[in-house]
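One chain, chain A, appears in both complexes that follow, with chain B as partner in the first and chain C in the second.
Right, the complex of A and B next:
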């Protein structure tokens, strides 16, 4: 595999891990397209005297509403919120809830939910607990494992962390486990 | 959609966001304290007035309409054409042809159903897999394969990955090329979450 192929494969992986923002961009483009066509149509229409008077009436109505502070404040608030939301959408990385890694032959992408399941099952097996007593959440850099122990039975926290780490490393993901044990246990 | 197209999505969102935000500031100007706008608003207002006056006073010998209308119509049409071109390039670059051989006698195209049969066939008989499917798509001028597998709760993911890599090796041998492959182990969604960890026949 040459360097160009590796770069291409990394690009494939990045596309799987980041959202494309195509949907909000299409919505914005459709709104802007409507505005652009409306502007062009109004500009052409106003060359005709009957069209000009209609457009003028509309402009007067908009100007009257614009002078009203409440309308102006509402318009400013809506535009401000939309503007901030769009800027955040444009700048934020848009991470999908997945982990990915390159490999010798295939690029692997695994949903965080599946990694959490694998870690929770490994911990439940290690601690000899029911699957319902262990829950796990995978974030970008760590997996948080929460154990509800059986009352009176101590939990090997370090062993549980090793089990979770091992389950994820078998898939090639080095995610740091953080294990918490509930103070209150359940009755076996 | 290529990578540059993906950047265009963000550029459009950023431009639209900035326009909306500036519009909000403009609308809120009389409602906010004067000292916030005093240092910079008069020159901006003067520039807007000058530009508006220049466009309005512009006239063409071949049309009765004034410059502002012609500028608005031309700007609207140009923006509409650019936006239509943008919308037409937003589709996902799916391809049903995953491989193409060419020689002196002609070309042979391999449909994605062939790759699907090779790559997903091992999963059809596994009890720990709910579904699997393969799709071909074009990215960076190359055809890539995307194999999506939805495992049952409690499935052995490393074993599934090994099975996948064996399938990819079979596809490499069959096709005689090394097509880029993305394997996606997808979480169960909707009713699949309610399915049991074991399969009964």
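Right, the complex of A and C next:
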């Protein structure tokens, strides 16, 4: 395996873990292209006398609308929302709900739901609880484990955290567990 | 009747022991009946969750004649402690509170032959 393959693998992993920005990029390109074509068409029309009046009417309509404060505010709001959305799309990491890790030979991509299930199962087994009493959610760097205890049976919180950490480390993901125990338990 | 809740799963054997709410209820009624001497059919008991602990609300008839020389408070305290220790020993549950309510009096000498 040479260096190029390794870089290619890392790119592949990144592709699997991040959302594609192709769709918003295509949308922006199409809109800009449409605006450019529209401007060109309007410029060509103005040379034709019959078209000039039409374009002029259009310009007048736009100007009167612009005089109206509500229209102006609406236009500003739309532009602002579109701008903010585009900036967020450009800057945000666009994480997919997956975790990946590189390895010596293969790259591994695992859905967050599967990791959460593994952690919840390990905790349920450690605490001798029903699987329905343990729920887990996996975020970028931590797994939140929520335990609904049995009334009158103390929950070993540190042991539960260790169980979750161990289950995830066996799969090669060092995600920090955060264990919360519900204040209210179930009688049985 | 030994239903021990497995707190820590053993490393060798997997599996868990489940105590249903009904089992807990019957167990507690039995403990209260043997501690107070009241008829199990006359004992009403409800388990609630109190911040992760168990809380029992028990209604039972007062039995006169069995515990001579004990005040009602002492009788109540003995029922309470026997329920708490019994649940801890048999079911492995920590009981955080027991509310007792004596309703009526059953006289020992006035029992009818059924």
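The criterion applied here is as follows: the second predicted complex is superposed on the first by the 188 of 188 C-alpha atoms of A that agree within 3 Å, B and C clash if a C-alpha of one lies under 4 Å from a C-alpha of the other, contacts with A are read in each partner's own complex, and residues count from 1 in each chain.
Keep this in mind: a contact is a pair of C-beta atoms (placed from the backbone, for glycine too) under 8 Å apart; a residue touches a chain by one contact, two chains touch by 3 or more.
The structure displayed is predicted, hence computed values, not measured ones.
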> If chain A is used to align the two complexes, do chain B and chain C fit next to each other or clash?
Replying inline: fit
> Angle at chain A between chain B and chain C: what is it in degrees to the nearest 10, using CA centres?
Replying inline: 150
> What is the contact status of A:24 with respect to chain B (first) and chain C (second): first, second, both, or neither?
Replying inline: first
>> Under the stated touch criterion, which partner chain does A:186 make contact with: chain B (first), chain C (second), both, or neither?
In response: second
> Does the superposition put A:54 against chain B (first), chain C (second), both, or neither?
Replying inline: neither
> Of chain B and chain C, which one contacts the greater number of residues in chain A?
Replying inline: B
>> Tell me the contact category for A:178 with respect to chain B and chain C: first, second, both or neither.
In response: neither
> With the two structures placed on a shared chain A, what shortest C-alpha distance in Å links chain B and chain C?
Replying inline: 16
> For chain C, which residues count as touching chain A in their complex?
Replying inline: 5-9, 14, 16-24, 47-55, 87, 92-96
> Along chain A, where are the residues that touch chain C in the complex?
Replying inline: 125-126, 128-130, 149-156, 159, 181-188
>> Using the touch definition from the top, list the residues of chain A that touch chain B in their complex.
In response: 1, 5, 8-9, 11-13, 15-16, 20-22, 24-26, 28-30, 32-33, 36-44, 46-47, 69, 72-73, 75-80, 82-91, 98, 105-114, 117-118, 121, 170-171
> Can you list the chain B residues touching chain A in their complex?
Replying inline: 1, 3, 6, 8-14, 16-25, 27-28, 30-31, 64-65, 69-70, 72-73, 75-77, 79-80, 83-84, 86-87, 90, 139-140, 142, 144, 151, 153-154, 157-158, 161, 164-165, 168-169, 172, 178, 180-188
